[in-house]
Structure formats: structure tokens, C-alpha cells
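Next come two complexes, and both contain subunit A; in the first it sits with subunit B, in the second with subunit C.
Now for the complex of A and B:
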């Protein structure tokens, strides 16, 4: 496949204070961000957060209520979908059922009145890259889910778009095919060096594919950053809870003179941190079982999930707060067992305001707990 | 293990009833019932065609000429300008169907795909127009057309036919369109199509069964329509088939042979037009019933 060379000095995509209202409902509010050429940006968030609406605004399938959308230093806010030079892969694939694979892939070029020879060579090129050559004369209904998915991607590739838009493209595939296609998408991104915007509700997909992730909730951007930034330095409790699987544990308590205290947990040695009510966030992978009555507290085991290389232990503190932790290998635990837990490193702890949910940064950093 | 692997499909089939065996009594009863039903529906039509080749006298009389076969009725009908009536009907219904179906496709596309204020009310109003019996509208329509000097004008009848068939045609087409995912339209828009190109290249080919079903409904309704035609067309040379058929019912005598031949000729164009598209029509009807 021919590689797209990125030469533009401008952002491939820029949103300036974009807002979308449906009658009295505000779907998206004050969205501003830019995407560098060649970047892979994932937009994630829970159902109904507005991520698909955002993609449709970028695509030109919905009109903005306010704000501007710029593509490659050109204001396209008022431009129609066809004029924007973008390609979109739909969740349902949206292949034209009465057209063959070849016709599906050639359609956009035909509409653009490209020469026949160019259409044929571009379709052949995309078909070769996606291993679809044997299926070019088949109708979509004669293809498997994975093949249809590849045709949908092929239809986007032949256009050589400024930006690729993906709307949950893997959600209709089974788990094995989803993992396989995820790798293929990552390879495709590397090969084309094209800008890609990818909407998904699956944070694992976002973490593995994207250079940058935008987390949306209730129509607002919660945080934009690299997967590492979002994992290590979540801006608020929502981001912290959304990124990571199993999700972060949250325990309400107070902090005073560097000691976190809740009904069941006590964590000393936290250095200078604001005092008062606080929410502690700790990822399951930062927790471990303690050998004896040492550790930060005790939980009652409710379920143990054995995953082969590790076990996920679900339990509850005495006040009912759920706690999840991951242990390497198998563990000999039964429902109702009471076990002590500890933390590997106090630096892995996060603190959030119980009112606003905003992250509270500890300073200075403390040495590792013994 | 092999047994377990092989068993589920068989169990599934049995559950779905695909391999269920019927008792001979049930099968016989089903066949007898089907034959009776077919006889019930088809016998009048078959009798019309059979009777159209019999002398008039033998149809009502003692039946002594049962074996006589004649084209006399058809000759008689043709001599009485039936060809002209057929042309009039084909002309009026053909153009009206094209206009009605085209407008229905466009209107239903807007109703199905666009968001605008009071859409539900508009759609409800369209359906509501169907509750008015035509007979109620006859007098005002006649007065209106008379004022505009449009009595004995085929275009006046076409206007009525399009107006009458349009609401239900739109209703039908909206059902078919709703069954087509909107993603297809959006994919076409992303591919650079205008709304018109989206309709032409993507929606219309997929909507073909629905269009055939809607056009069939409109055509059959117009083809057999009597009330409006008799009110608006008084000149014999302008009359349509149903009016022509009525001419064979004299005040004192009825030429039953001619009536049968005229009836046979009336059903013929409809059969010839719609038999070739019958399979598409059925596909369209079932698609509408499942998804619409």
C-alpha cells in the first residue's frame, strides 16, 4: 500500500469551542482540541457521553450548534460531508448491499469522476493490502463479518482521505477477531501514517491503539493525553475509574499529617498532603495480599477469578466498600475468607477531592514504603 | 463427544419444526382446505374467462349450448369502442401511478430521513386523510372542477387519483425506508454523494420492492375506480374501462357475454403488467411486514 506522506505544518484537525444542542439538550459542550497529522486519537467514554455525536460533527453528518471545525488549516464547519475529504468506517460497516466488493470500494471514486484506470488501480491496491482480492466480485451478504469489516476499511483507504474516522468498528466482531483486527488496524496506521480518529467505548482498544486518548463524559472532555498519562496521572476520579481494567478502587476517608485513615484502612507515610476528607484511589494491580496482619487493612473475599497467569480477587472492606486486587498466579482463597491487603508503592496511590472529584497532587514524593 | 457435537443441530431443527412430521389426516385436511380456498378465490375469475367465450344466451338460459365456443363477445366489445376505454385507462393510470409513486418516494424520504419540527403531526395528518370516504368529497370536487372547466378532462381525474393514492403510498414507502439503515445514506454522503445521488445510486435500487408494491397498490386502485370517473367524465370517448364496462349493462337488458369479455379484458393489462414483477412484489411486501 502506498504510504501517505504527512507534510502539513498545521494540525490535521482542530476543534474550537464546539457545541452541539438537540433542541434543549446539550449533547456536547465547549470542546476544543487539535490532532497532529499522522496521530491516532481515540475518543472514549460511557454510552451516551456524546462520542459518536462528536465523530458525526467532524464527519459533517451533523451540523454544529456553535464553534468551528478546521481541517488542515481550512474552516470546514459549514462544509458538507462529501466536501471535507474524510472517510468513515461505520459500526454497521454500511456496505451497499446491492453492490459488489469492487463496486463498494470504487463508489466514492466513481462519484468523484476519477479516470477508470485510476479507480481500478486504487481498488486493486487496497484489495491487495487487505487481502480482499479473491472477494472483489462478491456481494457483502456473501462475506463473513471480518471480511465485511475489511471491505469497509478498504472503501475508506481508496479515497486517500485527510483523516480516517472509525465509529466503534470492532464492536460487531467476536472477541478473537476483534483482537486480530485491532492489530491489523495498528499496522495499517503505521503503514499509511494517516491521521485516524477512533471512537470506542472499550478502553482497552483505546489504550492499545491510540497515541492520544480523549475521555468524554456528559458531553465534556474530561482529559486528553497519551494512554500513559491517563493511566498514571488521571485528572479526576472519572478518568481514573474509566481507564484501567479492572477499574480503580475508591475508598472514602480522611488525611491528616501524611496518614490516610478510613473505617478499615490506614496508610501512613504519604508526605505532605492536604488534610481533611479525601477519596483514595488505588488500582487493583497496586494492591497485594499481605502475609500476616501487617498491611493497610483487611477485606472479606467475595469472588476469585482465576485467569491463568493471575487471579482477580473481589472483596469488601468491613464498611462494604468493594475492593479488587490482582495477584500473580493462582491463590487458595474461598468466599468469606478474611485476608490482609497491602500496597506495593505509595506513589501508586491517587487522591481525589470528595466533592469535585478533581485529582489532588501529593508533594513532595515520598520514598517507597518498605 | 462426537455425539454431543452432532446432536445440537438436529435438536434445533426439531425445535423449529422444520423436520416435524405431520399425521396423514392433518396433511390431507390441509390439502383439502387449500384446494377449497383456491377454488373459492379463483373460480369467479376462471368463470369470467370461460364465460367470455360463450354465447350470451347460454349464460343465463337453459345451458343447451354448453359446448359452443365463440369470439363473438370480444368482437362485440371491440366494436363498442372498448379499445378506446382501455387506452384512456392505461393513459390516466400510467401517468398517475408514475406521479404518485415518484412524489411518495420523495416525500417518504424526507419524512424518514430528515429531522424537522412537527414531523409526527404531519405524518399523522397524512394518515388521517384516509378516514374520509371518497363519496363525501364527490360534490365539492365536482363543483371545484366544474368551476375551472375541468369536467371531461383526463388531467382532473389524474389529479384526483394522485391525491387519493398519495397518503397511503407515502405511508407504505416510509415503512420500507425505515427498514433501510440510515448508515447507508450517511456512507454515501461521506463518499461524496449529494442527496439526489444518494437516492439514485443507493436508496432507489434497494427500495425497488417497496416501489413495485406501492405502484401496484396505486395502479389497482385507479384501474378499478368508478365513482370519480363517472362524476368527472361524461363524454363517451373519454371514459375509462370501469365506465366502459358499465355501458354493457343496458336499462332493460344486459349482454352478459359482452360483460364477461369486457371484464376479462379489464383484468388482462393488470395481469400482464404485474405478473413479471410478482416475485419482487412479494419480496417487498414481506420486507415491509417484517421490518417496516
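Now for the complex of A and C:
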């Protein structure tokens, strides 16, 4: 079988109603989505949501209980991991400890019985791209964490796989290196124009790297969309709370005649006809400190995190609901201070059903989008 | 860094003294005494008058003796090389089976590990005694069954027949010495990271490739250590051969450890016996040096 690197009109990867059960526990349920060739898709969710299991199903390391997995218009549901032509970068890197960097990268090609010259040139090419040329004859234990991580990526690149799979590849790196490697990964994706599926619990990684994000919770897809869509139009309260840092604030209250009312907050001018119990969602960056007496309500400051360019203010409403807001620069506030808060724009508010958590579209917006 | 004052150092030395004294009294002194005796014609019957200095005569006699060459061959080849090789290969194979996916799926891993322990709990002497009964020419269960099933017409005296004596002795050694190999290798196999197998799966490796490229390199350090240790333990073992065959038939299964005994307490030649003992110690030291080189200095790259 020849490896082809032409862009196909078929999705690089498609899942059709995939389900995974372990004994009686349903780990993943009714998963259907497709990934366009060249896309960078991040799968995010809290621990235990099934995201690693999903990646292992795609990789062929676990068998599906139900449904189909297609790669480039080919049903691979029953194919073994080796037959799928994918590459995976493990959280632990999973480098062969007794093999040198060169042998690690060449291993899959050797198994595939590629000609020696081709193996050498592919390894050399990957090593050059990842600045590993000086380390080709070292063993993994002689490398730093960041270098090992690059070898793991190199091992994937060498194979010219249909799809790259990443399982939390940055979680073993320290913060500085993580940020650096994140940028390198983004560059790599652009340069290779390859399809990448990336599992992480870190929504910042997902937001910065991915074209499309799949939010997974309790084995089900909560929402799939671009980072912008997820941020601006979260389908439900879970997605809204998961995307964005610090987390979105949620306040339970009621809406009536275009006025949101909770024990401590009152927001008029929402122009909505729906009425009844509702959950208000507002991101920390959409809130601001207000001059005394104005604004939508008052909080008691519990702690202020000063970050240099901005400050994150943690406080509580009188009924105990936690509120976080971000302010530019430093603020002169102390624990116990009571301050008024306001919103910058009513368009930045989100509303969710208090029962289902589903998003409630606020009002028919003026049709002047994009 | 810790640094000790003069007083502390004195105290440390004082505390080490009893252990050092015991070692010197029970190991160092006998060693020197033995080496000294090996240059004399000391006899068990003439302990009071002592031996006459004969220089290297005992050693020269040994190396010119073709029977002694056979004893050395028996020791190195049959007793040590064959029995250690079989134990390592069989032990590793059993460990692979116990830790295999199949056994894990059947939930038999722990019961099998326990079962592998059983021979180890049996003292060598008890094991050899029971095996002697099993191998017995007249009443042994093996002969009874072979006769019953019609494989043989005449009973085989396993421990008295030159064609069968070494395989029989080695069977006893393997049975008794297998558990430590199985358990150590099973433990070593458990340390192989699972995701290496998965990485190999994705790389397209089949079972055999995975064994050679993932399992075996991980198991090798443990296997090497076990090989060296069992070699040293077996090489100077007296019990297996003496208890099962008394070096017989005749001196057919004689080994160095039993030869030391025979020369000293049957032939009363303490001087010659001491020379054999010194020769054994020298051979054991070769293994010791290799052992320290590879294990103590951690040649195996921190995988231990």
C-alpha cells in the first residue's frame, strides 16, 4: 500500500454512532462527528469524561462496542492499530528506552520493511524539523523532557500518517516549556498540513491550537465547533463553564419583561419576552467594577490576584454566589471590601435553562452579523 | 554532605568492630587456614602432628589427574551450565505465561504466582529426599507408571544409571530452583510500561516483534542478575548431588563440592581437599568479579 499525501474529498476521520462499554459501564455514547483533512481537532473535557478512551478507539488500541470508525473513506472499525496508518504521541511519550533516538524514529518504518535509504532520509528530515540532529544517537534517558517529547513527535512525523493522535502530550512539561511547545505544535501543524486529533484537559491548549473543539462530558459530545463558537455561543452551561479562564460566572434568578432579577442582581434592558426561572452566565471579562451606586449589583471581595497587566477579583454576592471579574491593570481593593459591579454589554450575557442547562437564545439579534 | 567528627568516626569504627571480628573469625581465618593447608600433606588422621610443607604438589597432582578434569567438567557443564540454562529459559517462559493477557483475562495470575512459590517453600533436603523416592528403581512412581503404560519392560535406576543420572539430578535442581526465576521474572515483566506495547501496536509490531523489542530488553537485566546469582549458588552446591547420588554411580556424577568432601573425609587427604577448595574459591571469584562489574556498578543503565 502506497502512502499518498493528496488531499481527499472524504473526511480524514469520521465516527458514526460510536459507543464504548466496559462491562456494564457506558464510557462513550452515540458519538458522531467528522474531521476534515488538515484540521486540528481538540477533544477536551474533565477527567473521566472519556476523551482518552475516544482517542484509543480511534487509534485502534481499544475495540468499539458499537458504531463505525472511518478513515479517509475506509471502514477501519475492525482494523488493528498497526493497520490504520495513524501515529500517536503518548502522554508518557512511550519511547523505547533501549533504542536510540534514531532507532525509535525508524522503528515503524523498519517494521513496514521500507528501504534503508528511505528510512534514513525520513528520519533525517524529521530530526532536522525538530532540531534533534545532535541527539540521534542518544538514548531517551539521556534527553530532557522537552527533547523526549520532540522525539515522540518525530516518531509520528516519520510515518507520514493519515492522522496524528496526541494524548495530552504537554502535560508532563513544565509551564514555560508547555507554552513553547504549544507554539511549536501549531507551527508543525501548519507546515505539515496534516490532520491532528489532540486530547487535553486544558481548555487553553484546545483554544489556542485547534480549528475545531469537541467538548466531551460523561461520555457524550456536548458541543463541537470552532473556539470562537464555543466561546461566544456555548450550547449549554457545561460548555460555557468549561471554555474560558477564569470560568464563567453563573447566577440563578428569574427573567421577566426583559429584566433579569436575582437576590442581589438586577439587569434591565434585555428585551426578551420569555419569562420564568433562568440561569445567567457572564464571563469575568464581561464584568467590570462600577462607580458606587451604579451597576447591576454589589459583591464582597474575598481575594484579588494581581497578574501585572490585569487583576482577577474573586468575590461573593450577598447570597454567597461566587463572582469572578477581570480588570485591566491593578486595583486598590482589599478582602472584605464591598464594590459595585457592572456589565460592559448586555450582548455578552448568556442564559441557560436551570433544569437542562441548555442555552436559551436571548432575543432575535439584529441581523447585522459578519 | 554529612561529615563526621573524630569522636563520631571512632564510634562508627567501634560499632563495626564486632561484625568485622565475627567475619574475620568465621570466614577470614578459615580461608587463610585452608590456603595454608593446601600447601601441605595434612591428613585427617594426623591432625595433631600437622602436615608437611609440600609446596604446589597438591595443585600439580590435581591438574595432572584426568579424573579431576572430569569432576571440573561435571561441575561446570552439567551441574552449573545445563541446570542454570534450563532454569532461566523455563523460568522466563513460565513467567511470560503467568503474566500473559490470557492468564490475566482468566484471572489466574495471582493463583499461579502463588503456585510458583510452592517448590521454594520446600527445603532442598526434603525436596531431594522426595525426588529420590519418585526416581526409585523399584518403588518410584515414575517407574511404576512407565511400566504400567508399557513404555519400558525393565525399571530404570534413574539415579544409578550413567545415562540418566545427570538429567535426573538436574530435574531435581530445576524443580527446586525454578520459583526464584519465575517470581523475579514475573516481577520484572510487570515493570514493563503498558504504553510501550501500545506504541509498538501503533508502529505495526506483531507479537514476536513486541517480545524482542519491548519485553526482552526490559527483562534482560533481571535475567542477567539471576543468571550470575544462580550460577554462583549452584556451582558450589553440595546438597543436590550428595543427597541424590553420593557422587555415584561410582564417581560418575562427582562434582567439586562432593570431591572436597570425599578427599577430606573418605580419603582423609585434608591437604588435597584444601587445594580443591581453594581452586573452587578462585573459580567462584571469576563469577564474583563479573557480577560486581555488571550488577553492582549498574551496567544495566538504571533499569534495575
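The rule we apply is simple: the second predicted complex is superposed on the first by the 357 of 370 C-alpha atoms of A that agree within 3 Å, B and C clash if a C-alpha of one lies under 4 Å from a C-alpha of the other, contacts with A are read in each partner's own complex, and residues count from 1 in each chain.
Please note the rule applied: contacts are C-beta pairs under 8 Å (C-beta built on N, C-alpha and C of every residue); 3 or more make two chains touch, one makes a residue touch a chain.
Remember, it's a predicted structure, so these values are computed and weren't measured experimentally.
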Subunit B and subunit C placed together on subunit A: clash or fit? clash
Query: Which holds for A:274: it touches subunit B only (first), subunit C only (second), both, or neither?
result: neither
Check: Does subunit B (first) or subunit C (second) touch A:204, or do both, or does neither?
Finding: neither
Which partner does A:179 contact after superposing on A: first (subunit B), second (subunit C), both, neither? neither
Under the stated touch criterion, which partner chain does A:92 make contact with: subunit B (first), subunit C (second), both, or neither?
both
- request: Determine, under the contact definition given at the top, whether A:339 touches first (subunit B), second (subunit C), both, or neither.
  value: neither
Practice item. Tell me which partner A:141 touches in the superposition: subunit B (first), subunit C (second), both or neither. Key: second
The shared contact residues of subunit A with subunit B and subunit C are 59-61, 80-82, 86-88, 90, 92, 94-98, 107-108, 111-112, 155
In the complex, subunit A touches subunit C at residues 59-61, 80-83, 86-88, 90, 92, 94-99, 107-108, 111-112, 139, 141, 155
The subunit A residues in contact with subunit B across the complex are 59-61, 80-82, 86-88, 90-92, 94-98, 107-108, 111-112, 155, 159
Residue positions on subunit B within touch of subunit A in the complex are 181, 183-184, 186-194, 197, 201-202, 205-206
Note: in the complex, subunit C contacts subunit A through residues 193, 195-196, 198-206, 209, 213-214, 217-218, 301-303
